[in-house]
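Two complexes, one shared chain (subunit A), two partners (subunit B, subunit C).
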Partner chain A sequence: MFYPSAKLKVDRRDGKLAMAHFFVAFTALAIGGLAGLLQTLVRSGKFELPAGIGYYQILTVHGVVLGLVLTTFFIMGFQIAATSKTSGTLTNKQRLAGWIGFWLMTAGTVLAAIMILLNEATVLYTFYAPLQAHALYYIGLTLVIVGSWIDGAAIIMKYAEWRRKNPGQPSPLLTFMSLVNTMMWIVATIGVASTVLFQLLPWSLGLVETVNIAVSRTLFWYFGHPLVYFWLLPAYMAWYVVIPKVIGGKIFSDSLARLSFILFLLFSIPVGFHHQLMEPGIDPAWKFLQVILTFLVVIPSLMTAFSLFATFESFGRSKGARGLFGWVKKLPWGDARFTVPFIGMVAFIPAGAGGIVNASHQMNQVVHNTIWVTGHFHLTVATSVVLTFFGVSYWLIPHLTGRTLTKAMNKLGIIQAVIWVIGMTFMSGSMHAAGLLGAPRRSSYSEYGGAAQALEWIPYQVAQAIGGSILFLGIILMLYIFINLAFFAPKGEQEFPVGEPADDAEKAPMVFENWKLWLGITVVLILFAYTIPFIDLIQNAPPGAKGYKLW
Partner chain B sequence: MAKTELSQKTKTEIEDSSSLKGTLASVFLLGFFLIITWVGVYSLFISRF
Partner chain C sequence: MHMHKFEKAWLIFGIGSLLVFLTVLGVSAFYLGNQPPSCLATIDPEKVDTTAPFNEPGLKKVEGKDWDYELVYVASAFSYSPAEVEIPYGAKVKIIATTKDVVHGFEVAGSNINMMLEPGYISEHVTTFDKTGEYLIVCNEYCGVGHHMMSSKIKVVE
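Moving on to the complex of A and B:
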């Protein structure tokens, strides 16, 4: 489908805005990656942190800087570039919203980072009450979230403008997807904003003495699960729309892609209880309901898997591939823009399988709070998502900076992904295994008084340190490639690949653009899944908790 | 005549270029992997709790 609004090249001014996001994101990768390396070394039992730096402090750095900063900044930058490319250059007003959002997010990040570095906010990335951080840390994170709303407003305004100018037309697919992800983010962050503004901030300022822990955790996980889909959907944008163009094929189905995004909007929010399956105070019936809703999110992921296999097979067969799997050989394995995200797709198979285990209600007892869970999200976000983001960077960074991805950098990109796979196989694999043996997540190195069970975990912790060290090499390599593409690669034109549906494809149904309908169902599902449990949690609350600073 | 035609029928396998049988096989493999993982942890669950 040809859209007259689509630009050959992202406008330079929009490109600068997107690049500003990427500079923060890759700085976060450097800092957070180092913290991650140190964590695995400490947990091996062979290394102690110098100068009295606490393990939990670097754990907080790692989680906040990679889980919140790297992801949010990269995603916002990518979505702005994708919207500008497919729906046309942002107006000055839209771009201004983008810059205000960017600077608010950056100011908030710096504030939160300072408080973590001063050891005033060692509350882990989930900032679990009753662990109590300095008020400025909560204010910093609030700025990040409010900034992301204003940043997202640029995308919403562009979408609205496109629809006004093109009545009766389905919006460009990448813009549609960016919009869905932005709306999901806004609905989801209301939860974390509520707990921070109405509970944690007044409590850390001393305005109230105690806080309702269960409500705070429930509000956090109302946000915490859609957060992981907020990471994942931009990777899906690349898989559905960019990869078909990179390999020279067609989008298998534009409508299927839109439907799967709508399903994510509906089902990824009312599912937070699957992070709280072991918690008292929530009726098991409501947990079960949210488990069912969680399993409904499996559907769009399986649709995505089908659609990607079909894209690859159709392409391979159009090139004359025969047999059941002959098409695999026709794929462009030498192209980092394809191979690196492809590795991310493959990683999502064990990642998704682990996720289904985690969400299986009573079965969660096997893995709850063990390092299996850490292994799980290092496959989802730290492999599937991050490798896809790296794969996107290989064409997007040079596209925005007016440079090209050279053969040497392309090869280095593939080597980087291979290093990542080796490191992650060691690290995430041993985390999964140790988790099944009961090894806890989050906690620092301990021999637990020489308990036999705890001794079993130590070899796996050494394997995690080996994996962590290999991954850190991968991070250094990625930073080298990023700096090359941003500043040193030869000047030229690098394509922004946007796939097209097959020639005989039908126009996407307009019902997908009916936001009253989709947001309406989203709100109804959320109210259904959360209203009664919240009434319960508030009416039958135990005495609130004072703040603790255990570090 | 019908008999001769039958015996003359050649065995040419024409593979449709729009076939998605590889995709079908792939999603089945994916599904089996999900089931094996789940059943594996389920048996751990049953043996422990």
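Moving on to the complex of A and C:
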């Protein structure tokens, strides 16, 4: 396949745009990580927050800053860099869209952060209407979403331009993947934008007195699950395209990589009910339908697992590895750019298994809203995804700043990942265990009046604090590496690794670029899964709920 | 588009397992009736205290139904009414619950009883208490500053 700009460096001006995103992302990591540390310490029962700061206030900080800010900024920065690298430098207009998006997102983040710090918005990032935050909190988060759309428009415009200039050619794989994730994000965020603009904002401004809770929650979770795939797909971009080049191998199959991304686009969105299995007002048959759709993402996940390990094995065998697992030894374990994301991949095995439990129609009842769920997504997003993002940072940051990853930093990167695994094993492991015993999530330290069952949970909470403290050390180390790569590492050329497919002669079928088809199917699936239950929720709605400020 | 024969085998095996798994879930849900709590009844959240059965929270013996008792809960920030209840061992109980203000959780720790309480909606779950002991009910959905203090107790007695 023809990659016209595969040898080029990312243009300095695009690099600045991407770096701006990364500065916000890593600031978020520092703040959100500190909040997380404090939460685990409070829950251990051995520590109280000073100066009247509330547990749920820092919980809101943790969720918003890591779940929305760190992820969205990192992903947008990465996708802009990847698109610029593989489809060519952004035009001035495209770059301007990127900057407008960036500043809108940043302004929104600051606004939401001020409201959280003033204790006007202790509603967590999942909103929890009829808890009612200050209108400026909702406006801030709306700006983050709208900013991300404009940011994403830069990627869409670049893709359209590339296709215009290269008729009949499949787009470069990394651009294609960035585009799929951007479109999935836009379709998904329509849900959260709708509940905020049409329900929560008018209600918090006092224009309407009550709000339909079930509709608001349904719109939120229409967004809430694709959100996790929006986090995951950039990690998949690195796994599919970057890692093969880092180890010196080939992409197993360009076409199958595209197919799996298309499947994620189709099956990521019409699945939100599996977060609402325990809720009244929704017919269980519709819940079951969405459970089935949820599980269809197993198919692209299996394809991904196969491709990655096929790449590793082919590479090892090409280096003369023998036996069933001889290829494992040939992999470049000393290279942080490989090893750190690899640890993320391995973490996805237990993480995915836990996800199957959560989404199961019946088993969900055992774990719903217990701290098991918190343990689950600290494996998916806070290990698989975040370690991959760290692994990407080790080459992308120096590539963009004209520096190099030194041997010392490379080694620190690997140490960082090992610390992360140790901390997460303690924290996520004890969260899973306590959750099975019934310990609730999103809850401050409580002995529940000395109840015997609650006392059983406390040792696990101490273990979570130990894990959380180790993880915080990992965050400090990561910030140190980031600052080094951004400002102090020696000047030089750091490669932006873009893999080439093994099936070089075989062109990816053009049907993958047919967005009328794929977006059409996406919309049909969404309408199929949501229309009737959504009409039900509106037609059979109880009287609306007034706002409460209970914090 | 070409697919490696090992990948085909892997996907056939994977998708086959998935179908078996979903069939098990489906049979459990629709044939055995193991559906998640999905009560469709609604209520005016402002009038919970005057609407039956929520005007009299607590355990009540019932006749002529599939269950022996009805156990009615009213949740509000940050407590449940009743705060404690004794249930005879082996009783089949329908739990009926709602909230007067914000969203709350209703989880009987160490059991499969777990449901969301949303303003305007009634949540129900039928279960048999076939193990004696003390069970803690916790709110597992964030509801405000006293969320972690919100609990109740079930004693299953001989």
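To be clear about the criterion, the second predicted complex is superposed on the first by the 545 of 551 C-alpha atoms of A that agree within 3 Å, B and C clash if a C-alpha of one lies under 4 Å from a C-alpha of the other, contacts with A are read in each partner's own complex, and residues count from 1 in each chain.
As a convention for this text, contacts are C-beta pairs under 8 Å (C-beta built on N, C-alpha and C of every residue); 3 or more make two chains touch, one makes a residue touch a chain.
These numbers come from a predicted model, not from an experiment.
Trainee: Once the shared chain is lined up, is A:P280 touching subunit B (first), subunit C (second), both, or neither of them?
Mentor: Second partner only, subunit C.
Trainee: In the overlay, answer first, second, both or neither for which of subunit B and subunit C A:A433 touches.
Mentor: A:A433 contacts neither subunit B nor subunit C.
Trainee: Considering only touches as defined above, state whether A:R442 meets subunit B (first), subunit C (second), both or neither.
Mentor: After superposition on chain A, A:R442 lies in contact with subunit C alone.
Trainee: Compare subunit B and subunit C by how many residues of subunit A each one touches, and report the one with more.
Mentor: When the residues of subunit A touched by each partner are counted, C comes out ahead.
Trainee: After superposition on the shared chain, which partner residues are touched by A:F325: those of subunit B (first), subunit C (second), both, or neither?
Mentor: A:F325 contacts subunit B only, not subunit C.
Trainee: Between subunit B (first) and subunit C (second), which, if any, makes contact with A:A310: first, second, both or neither?
Mentor: In the superposition, A:A310 contacts both subunit B and subunit C.
Trainee: Between subunit B and subunit C, whom does A:Q365 touch in the aligned arrangement: first, second, both, or neither?
Mentor: A:Q365 contacts both subunit B and subunit C.
Trainee: Looking at A:L302 after the superposition, I want to know if it touches subunit B, subunit C, both of them or none. Which is it: first, second, both, neither?
Mentor: both
Trainee: Overlap of the subunit B and subunit C footprints on subunit A, residue-wise?
Mentor: In subunit A, positions 302, 306, 310, 356, 360, 362, 365-366 sit in both the subunit B and subunit C interfaces.
Trainee: Would you tell me which residues of subunit A are touching subunit B in their complex?
Mentor: 302, 305-306, 309-310, 313-314, 316-318, 322-328, 349-350, 352-354, 356-357, 360, 362-363, 365-367, 436
Trainee: For subunit A, which residues are in contact with subunit C within the complex?
Mentor: 54-56, 59, 122, 124, 128-131, 213-214, 217, 253, 255-256, 259, 276-285, 287-288, 291-292, 295, 298-299, 302-303, 306-307, 310, 356, 360-362, 364-366, 368-370, 437-446, 448-449, 451-454, 503, 506, 508-509, 540-545, 548, 550-551
Trainee: Using the touch definition from the top, list the residues of subunit C that touch subunit A in their complex.
Mentor: Touching subunit A: residues 1-4, 6-7, 10-11, 14-15, 18, 21-22, 25-26, 28-30, 34-46, 77-78, 101-103, 105, 107-123, 134-136, 138-149, 151, 153 of subunit C.
Trainee: If you look only at subunit B, which of its residues touch subunit A in the complex?
Mentor: The contact residues of subunit B facing subunit A are 15, 17-23, 25-27, 30, 33-34, 37-38, 41-42, 44-45, 48-49.
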